[in-house]
Structures are given as structure tokens and as C-alpha cells.
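What follows are several structures.
You will see subunit A twice below: alongside subunit B first, and alongside subunit C after that.
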Partner chain A sequence: MEEYGGGDLLSEAMGSAARVVVVEDCVEAPGAFVLHLLLKRALASGGAAAFLALAQPFSHYDRVLRKMGCNLSLHRRNERLHFFELLGFPGGAREGTIADRFVQLYNEIQRLVEANRTGENAGQFTVIIDDASLLEIVALGSVNDVLDFLHYCFALTSEMNCTLVVLIHEDIYADEENIGLLLHLRYIADLVIKAAPLSTGLAADVHGQLSVVNKGTFGEQRAKAQKVWNFHFKVKENGADFFYPGTRH
Partner chain B sequence: MAAAGGRTLGRSSFSRATSNPVASSSGAAGVRIGPNGAAFVSSGIPDLDRILGGGFLLGSVVMIMEDADAPHHLLLLRCFMSQGVVHKQPLLFSGAMKEPRLFLGTLPAPVSSSKEDGRHRAMGAAASSDGRANDEGLRIAWQYKKYFGDDSRAEHKDNKQEFSNDFDLRKPLERHLLNGQNIECVSIQDADTLSSLQDCCSAFLSKLPRKDGGSLTAGRIAIQSLCAPQCRYFEKDWDMVSFIRSLKAMVRSSNSVAVITFPSTVLSNSFCKRWQHLADTLLSIKAIPDEDKDLAKLLTGYQDMVGFLHVHKVAQTNSQVPVILEASTLSLKLRKRRLLVLERLNQAPVDGSTGPSSAASSSCSSQGSQLDF
Partner chain C sequence: MAEAVVRCLRDGRLDGEHAPALAVEGSLQCCSLAAGAMLHIAAAFASQVAAGKAQARGLVVVAFDRSPQVYLEFMQRRGLDANALNRCVRILDCYSDPLGWKQKIQNQQHQGNSAKLSTNKENITVYRSVKDVTKLLSFTTELGGDFEGEGKKYFSVAVDSISSMLRHASVPSISGLLSNLRSHEQVSSIFWMIRSDLHEPKVPRAFECLSTMVACVEPALVDPVCGESPGNMSILEQNYSKVKFIVRLKRRNGRVKHLYEDLYIDGNDIKFDSAPSVSIEVNQSLVPKVQFNLELSEKERSDRANVVLPFEHQGNGEPIRIYDGRRSLPEAQRDPNLTAPALVDEMKAPKSGTAKGEIHYFRDSDDEQPDSDEDPDDDLDI
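After this line comes the complex of A and B, so read on.
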């Protein structure tokens, strides 16, 4: 958490060794702000990032991150941020075409990761996907293609020492039948960050609650580390506040 | 500005002082510039514009979840379309009906006639300065302000004449307005796939490229009952979400708003959630039964109410802070059977033991839980 320079609850809960971070959210409590924070941290710590944006155009992220003190346009020009504008990503009408598109996309990411490793500033590389359920829509419901793609990205984390951050809308998978994608993501995750609304309803001072489950705490040094964290959050323009319930007035 | 999280738009003391002059000088009718580089068009209901912090955001997809039994969503859709016609904005309408053009005949007319409208516009400056002076005078007697509700409302209307109109739901829109416009109608009832609608939308939106600054012509897309069971593509759930995704991508890069109403009950749970996630602004409408004695006792003004409007999500562009409204459930009322207004729910005072003011202040949170939907 030192490298992030933030002493807030979220970085404390996240630790530093998480390779795969899955962010879950729902309609009532959007979790996109966690992605923004993670993107900012990835770039601020001297690393590079690839951002697969299926939910919003670049201008949106640029303006949001600028208010948080991170100039995406500059990072993009310096080739630290590789932004994939996939808002209009063409879906595959026929069998096979979508698999090809995913392979193409993966190849591009892999090329970037390799280039980053051989380059002189060999910092951490982060792949961020916003969001996985839109990937499913792009694939017209072909879960296997999405799973293949995610698995390849996952393989990058162990082979190439990079980090994968995936946002997924958890409430879509509340039904038993189509829970596959969510279960798979939860399985490969070292860290699950889940945003949920307050059970008492909307509030102006507390926007919801985060639960962080840290699964990657096998190492000796983290034997005593806490595994499950629960705290409230409030999203602000320049970041977010994290605090324990009742410690804020 | 950064620390003011959870703000209620348009009400914070940090709102840009120049926003009103900018809006009036932006050139195009019916487009208002807001904070964060946002531009709004009116929903056709002044109350809804105010609640959403300025109106429907240009470049966003608004979804309205229909009530399963009553067609109240059509009220919102009609006001939205009429407002577009009044502002002479291009309009694309698509519905699950044989002759969508017939639906245009049911659009409501603005309350003030066009002649009066012109006079208002001419006197715009005078009226607004007059109104401000009026307001200054009233400041002394602020505690009596509630008794001047109608006055302040009229003044409020004068200022926003350009942006949004009140619509008389019993008076149809004049024919000549409908004929001289670029209004396109598409029927989706007999289509096997949504690709034809998608082509129409992309052709429609290609005429409205996004420009930052300069004069803006905003387009409106209204799609009624996108997933109606009588449509042939009804079974193709993935095609529908894929259509919405591509529509969203197209709308984002153009100068327009798309409003989609859909009967959420015919979708499976997981797809219903997918649709909700795809929406930028998400509203739901619920009708209230005619004679519900309990509700009538609980709420003031029950006799005018036709239903409840619930605001689930408010579109946010270029900002990550969610909009937290004072009240997310609002009553949909027909005033004098013709004007559509939205009001916060007001609990009837209990036997006069508590003052009406305390009842009103507590109504927001308690109502939210009692009327859960």
C-alpha cells in the first residue's frame, strides 16, 4: 500500500499482491469509481495500463480522471495508457467471427504487454476491462468465447507479471442458470471488491458499502492479515472516501 | 467543487452563475448547457427536468420501465415527443404498432398558443427582469412564500419558456406542426430482426454529429415498447440488448437523446437487469389503483394522482459522483385533468397533532420504504 501513497481503507484492504481484481456492482450502486481509482493508481505508480472501454467513450474517462489529478490524454500520448475504444465494437453476427475478434483483441494486448516488459520502464502492467457483461453482449451471449478471452487475459497475469481488473454487474447473474461467467471470475480472482447499496436506502453522505474479500493471503507475511473488510464509501469528484460505518457524521 | 459530492444538481450553491445566459445564447432552441460540459434537452415535463438536474442529457439513453397494467409511460413519451416537435427538432419514432404515424395524432399541444408564445418571447427580457424585482420585494416576507406558489411558478415558466413547455394532455397538437417537420416513423411490429431499426437510427443520427460548442440541433429518438411480445424478434434476447448497446454507442457520438420504454415484466430477471445497466437514466412508472382507501388516507392530493414515478438512475457524464435525489419516488398528477405535474409525496398530517411542516420533512424517507417497488 506504500507504493500507492494512499492510507485509505481500500488500499489497506487490497494489500499489494493482488493479481486479479474483480469489481462487482449492481444497478443501485455503480462500481465504476473503483475502476477509476485503480486506473489512477496503476498509472501513478509508474506502470502502464490497457483499458478496454465498452461502457463509456474516452472523453468521459478523461474528464473523470482529470478531476482526480491524472491526465489520461498525456498518458495516452506517452504510450503509458493504451485505450481501446470498444463502445462501438462490432458484435459477431455469425458463428466464429466474434471468436476471431476476441483473438485479435487479445493479440494486441499481448503485444503491448510484451513491449512493456522489454521496454526500459518495465513497470507493472495493468489490464482493465469495463465491463465483462458488455463483453457477453458483444458476443451475443456466447459465454464460452468470453470465458476464453478472459482466461487468456488471466494467463497473462502469471506469465507476464501483469494485473487484471474486471468490472462485472453482479445482479445480472442472480439467476442460477447463467451464473457461469460470474463464478468463473470469482474463482480466478485474488481480490473481490463488491459495491452494494445501503440496506436503509439512499443517502447523500454515504453512497453505499464495499466489501473486500482478499483471497490471496497465503503467504507467511500476510498470515495475520484480515481477509474480509466491510466499509462504507462516498464518491467524490476527486476520489472517494472510505470509512467504517458510524465513524462519519 | 470537488468536495461537494452527492450534490443535487441545480440546487448547489456552486452552480455556475453564467449558466442561464449561456443557455439563452446557445443558439439552438431547446438545448440548455449544464455543468461538466453537459447539454440537456427538455423531457416535456418541467418538473421532471428540474428533478433530473436540467432535463435529459444529450448523448444518453433514457429507459422507462412500463407499468404492466396501465399505459402511463405513454404520457412521458408523448410529452417528450411533443416537446421535440415544438422545438422543431428532428424526431424518430418507432413503436410496436402497425401505423406508428397515427400515434403522432395523440401528441399533446403546449398550453399557451403559438401566438401567445411569440409574445412571451418578445417580452422575455422585460418579464424576467420584472420577475426578479418581484422576487426581491417578496424576500422580506419569505415566510409567506408558500402562499405565492402560483406566482413564482408563473415567473419560473417565463424564464424557461424557450426550454420546456407545459402540455395540455386533452388538446391534440396542431396538424401543421406535424406535417412540416422531419419526423420519421418506423414500425417494428412486423420486423424479424432489429437491424432495420438500427439502420434507421444510424441514418437518423448521422445527420446530427456531435459538436462541442457552436450551434446545436438536438435529435430525439422515441422507441415505444421495444421488447413487446407481439414483435417477431421477441425471443431474441441477445439481439435486443445488442441493439441497445449499439444504439447507445451511436447516441453517445451524436447530438441526440433516445428514450426507450419497455415492459420489464416480460423479460427474464437477468435480462431485465442487463437492460437497466445499459440505461443512462432509468425511470419506472407505476399506476395506482382507482380506489385504494389506505393510500388515499395516507397521501394528500390522492384524487389527482395517476401513478408513481421512480427515478432509479440519473445520467452522469464526465463525472463519477452519483446524483442523490431528495426523493426518488414521486407522484404523477394530472392537474385539472390536463397538466402533468410531478410532486414529492406528501403525507397527510396525522390528526393535526404534528404540524404539516414536520410531516413534509419526514415524508421523503418514510415514503420510500412504504411504497417500495
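After this line comes the complex of A and C, so read on.
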């Protein structure tokens, strides 16, 4: 199969109109590589991105993306990539409540989006959150605050024409009681990409399977497009391979 | 059925009754179509209002889940022009700034110079404190009171959706809001949407109790094995393009009526298909396979139709009247044979040309009354 960058199964399945992409993963099949691919794609097409990192520090993403042929440090210096290290995002340590901190964070994102819109290189703006489960933790478990913040980001996508990509660990919401955040995210998503281990068990050459559900909106003209995709993936050093089940040995 | 629902909403309230209310329910499996159904109902209702056919003069949309633009664009696609939209539709925008964050940011930037965020459309009002339900009620009724018209000015309310409201307020307060709206004297009808799987089962039930109509959007195919395993892609694919739209109508006398039709996306529009062809096929295959013949052939059918029944006037020039046992014929028109005081031994069918059979009828005694369902003692004053 081809490298990522055009013509591969994932971009074909994703289409182009999705505004809100939710990536679901689990411990057995982490979906971080999808996020890396989407970040690379967002920057490669001349757009800008805001990356809200809770899972890893900047140096980690820098190393991973460099192997994939994308220099994050350079993009950051050129102000194409705006990196928020939120590992230390304080709940109550600094002044104000959690909600106030979220307001400030949103304020910064909104400013960036507006600046990007009015700037000369007005490309697509992408907001990436890695990941929503950790966002809930730094909000000291207050799902409502997280949802409010996500709603505002969601509202940005329709008002400012930008894209929102959120990673969430599906398996921690397995029980019925605290499923709220996951369900809300699924509701607002136009596109759900779900990484799961192979249903047939472990394999050397296949690392897992991706199912892509394109819920779409009425604004789209592509009426008869396929909505549900399912294929296998293999994560490599410099990208990932996607292929239909049974087409690889 | 969608038309029936819109008709109910259009006709509005009767004097001394609460406004009719519709709850649209959807789950995650078919949420985009449930949202589409809501848009369809809102647009169909708005065009009825614009045409002046509805009791209400206008529609107030309380929008939580979608940008007001989505509504306006959808209604425009349905043939409502800007003029009609400005006249008949008001949108209370709880989507773009539900908690007042943007205003807060702006106030900080302008150091208390409270420049009002102006919307470019005159029929959109931004609402910034969704936690305050009482204020929401007064905003809604205020918007509804603005519509032009003479006499008593009714308006209708659409809430999209209750699920988002429930994140900010409790179930009792939202139920209170809906009840207050229903009983408000100017509200003609009200409809709302709820995502049933976001809440405990009792929550959608609580709101169903407040409504007179419930429209459930359910997946057309249910996978018996499990929910979303990757194996059942065709089922998933089907459910994203076509669902069942089930309506329960509660009549005033307490009767509940079930209706159902198919709902699907056609291009960027929502279509309803009232002929559920699948169920006919199912019915046909449900007729048991038996060795003897249950159906009549064409000849047998025509023979059966030609049999002349004994209680009909048989071709003696009089119009055929069939006595159904409920009303008695006027005296003069009765068959003289039956009303004759004398004992009737035999009643002959008049012979009219073609050879036909005769029916012989002997009455046992005088006591026997002419055949009737009526109470023979009806005229007695006991």
C-alpha cells in the first residue's frame, strides 16, 4: 500500500468535509498514531494547528513527527503550530476556578483561530486534543466543565470553519455510569475513527483494525458515499499502512 | 405520519386545553437522522406558518445543539424566502455562547466597555446564561410575543435539544419550563428533541409524560448479537441511511395511536416514505404454507359475487335496501310481506325473467316478530 499522504484508505474513508473527528482507542490498540497522521496532514496542507497536549511533552511529538518527515519545531517557530503543554494545567492551584481556567484556555484558542483567519496564509485551522480523558482528569473529574469547553471548541468549528480532532480512550468508559463524556463526544462527532485490536487475535504483521464511521451532515452533497469503513493497519516508524483484511500476508 | 404530526402542531391548542406537545427521541445509532427529523418538522411547520395555515403566527427555535444558521439554511432550502423567515421565525441562540464565555472575554479585552455582540441577522438572539431557566422562559415568551398579527397572537416553540439543557439544569426545572410553556396562553404548540441514551431511562419517560405525541427515531435493523462489532458493517451502513420513524399519538380521550414510516436521507434533504414495503413482504411470507387452497380463483370469486342474498329486494324495480338492524325503515317502504298483519306462510322472491332459486320461509307462529335486533319491549312504558 502507499504511504500516507494521498490515496490511502484512511484519507479516502475520512473524506474532506468532517469538522469534528473523534478518535477512540483502547490500551491494546493505541490510536495516537492517527493523531500524528492528522497533525501532519493539517500542517502539510498549509494550514495551522493548535495542539493541546496532555499525554506527552513536546519533545515526544517532535521526535515522532520528525521520523514521519514533519518538523514540528520549525512549524512552531513559524507560528503554524501552537503547542499547549497542559500536563501542568492546574485545577485549583492558580487563581480562579476550573471553569475560569477553561475560559482562559478557550480565549487563547479563539484568538489564534481569529488571527489565522485574518492572516495572509488563511489556511485550514485544526484544534487537536490529546486526550479528552486526561482533560477530564486535570479538571478534577468535572465532566461538565470539560463538556462546556468542548462545546465551545465545537461551536468554533461551525463559526470559524476550523476542524476539531479529539482522542479519547474508549475502554475507561466501559461501565454505564460515567459514559457521559464518551457519548457526548460521539454525538458531536462527524467522523468516528475507532482503533481496536484484531478480533481474530494477535498477528505479527497487523497491529489492529480501524473502523471509520462517517456520519456526515446534510450540507454535504455526497449522498451515496460509503459511511462505514473497516480495515487493518500496521504502524511503522515513518507512518502507517492501511489495507483491507486479507490483502496482506 | 410526519404530516400528521405537523398537522397536529399546526392546528394548535383548543380553548381550555394545554398546547399539543411533541417529543422527538433519537439514540446514537441514528442521531443524525433524528436531528434531521427535527429539522424537517421545524421547516415543515415554519412553511405552514408562513403560508398562514397555522394557528401560530411564528416559531421560536431554542437552539442548543446546532448553529442557528443550520436552521435558517435548511428552511431556505425548503423554499422559505428571507422575508418569510424574518416574519415567522425567531431563533434563541444558546449554541454559540451558552455560558457567556465570549462576552466575558470581550469584556476583559475592552475593560468593561460592554460592547454588545451584535448578530448580523435580525431573527437571531444570543442567550448567554443557560443555567438560568426562568430567564430562558421569559426570553422565549418575549420573542414569541414579537410576531406581527391581529387578535390573539399565538406562537410555537421548538427546543433542540433537551439533552443539552439537562447538562446545565435539573430534570424538574426543565420539566417545569416545558409545562409552563405548554400552559402559557399564547403558546400554540411545542416540540422538542431528546437523546434517549444520554440519560437514565426514566428521564426521557418523564418528558414523554408531558407530551401528547412521541416520535421515536429507531434503527431500521437491529443486530441481535451485539451493538457495534465490526462484523455487522452492512447493518451499520443501513442504519446510517435509513431509520424507522415511529409516532405515538395520544388522543384527548386517552386513546393511543401508533403509526410508523421510513425516514431516509436523499441528497441533503430528509424524506419520509409512508409505504413500508418490507412489512408487506413479511406479511406475505407469514401466510402458512398449507396443502389446501386458501385463496379463491377468479371464477370462484365472481360466482360468489353473483349469489343473491335472501334479504335483498331482488330486482322488482325497488332500490336495494339492506336492513342492517340499526335503523328501521319508514313504514311505507317496508316489505309488505313482512309487515302484513296476516300470517305470512310463504315469501316468494319475485321472478324477473331469468330463472332464479326460491326461498321458502314458514313462520312458526304469530308471536314471532319480524327479524330485528331491536328490543321488542322498547315501546312499553315500564
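The rule is simple: the second predicted complex is superposed on the first by the 235 of 249 C-alpha atoms of A that agree within 3 Å, B and C clash if a C-alpha of one lies under 4 Å from a C-alpha of the other, contacts with A are read in each partner's own complex, and residues count from 1 in each chain.
Keep this in mind: a contact is a pair of C-beta atoms (placed from the backbone, for glycine too) under 8 Å apart; a residue touches a chain by one contact, two chains touch by 3 or more.
Every value quoted in this text rests on a predicted model; they were computed, and no experiment measured them.
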Partners on subunit A (subunit B, subunit C) - clash or fit: fit
Touching partner for A:Lys227 - first (subunit B), second (subunit C), both, neither: second
Contacts of A:Asn71 with subunit B and subunit C, given as first, second, both or neither: neither
First, second, both or neither for A:Leu140, with subunit B first and subunit C second: first
Contacts of A:Arg63 with subunit B and subunit C, given as first, second, both or neither: first
Which superposed partner A:Gln124 touches (first subunit B, second subunit C, both, neither): neither
Subunit B and subunit C, minimum CA distance [Å, superposed model]: 17
Of subunit B, residues touching subunit A in the complex: 1-6, 8, 36-37, 237-239, 241-242, 245-246, 248-250, 252-253, 268-270, 273-274, 276-277, 282, 312-313, 317-322, 324-325, 328, 365, 368-369
Subunit B partner contacts - residues on subunit A that touch it in the complex: 26-28, 30, 32-33, 36, 56-57, 59-60, 63-64, 67, 87-88, 91, 133-134, 137-138, 140-141, 169, 171-175, 178, 201-205, 207, 234-238, 241
Subunit C-touching residues of subunit A, taken from the complex the two chains share: 99, 103, 106-107, 110, 144, 147-148, 151-152, 155, 158-159, 180, 183-184, 186-187, 196, 199, 209, 211, 213, 215-221, 223, 226-228, 230
Interface residues, subunit C side, partner subunit A - complex: 28, 31-32, 36, 39, 67, 69-70, 73-74, 95-99, 101-102, 104-105, 108, 167, 195, 197-198, 229-231, 233, 236-237, 240-241, 265-270
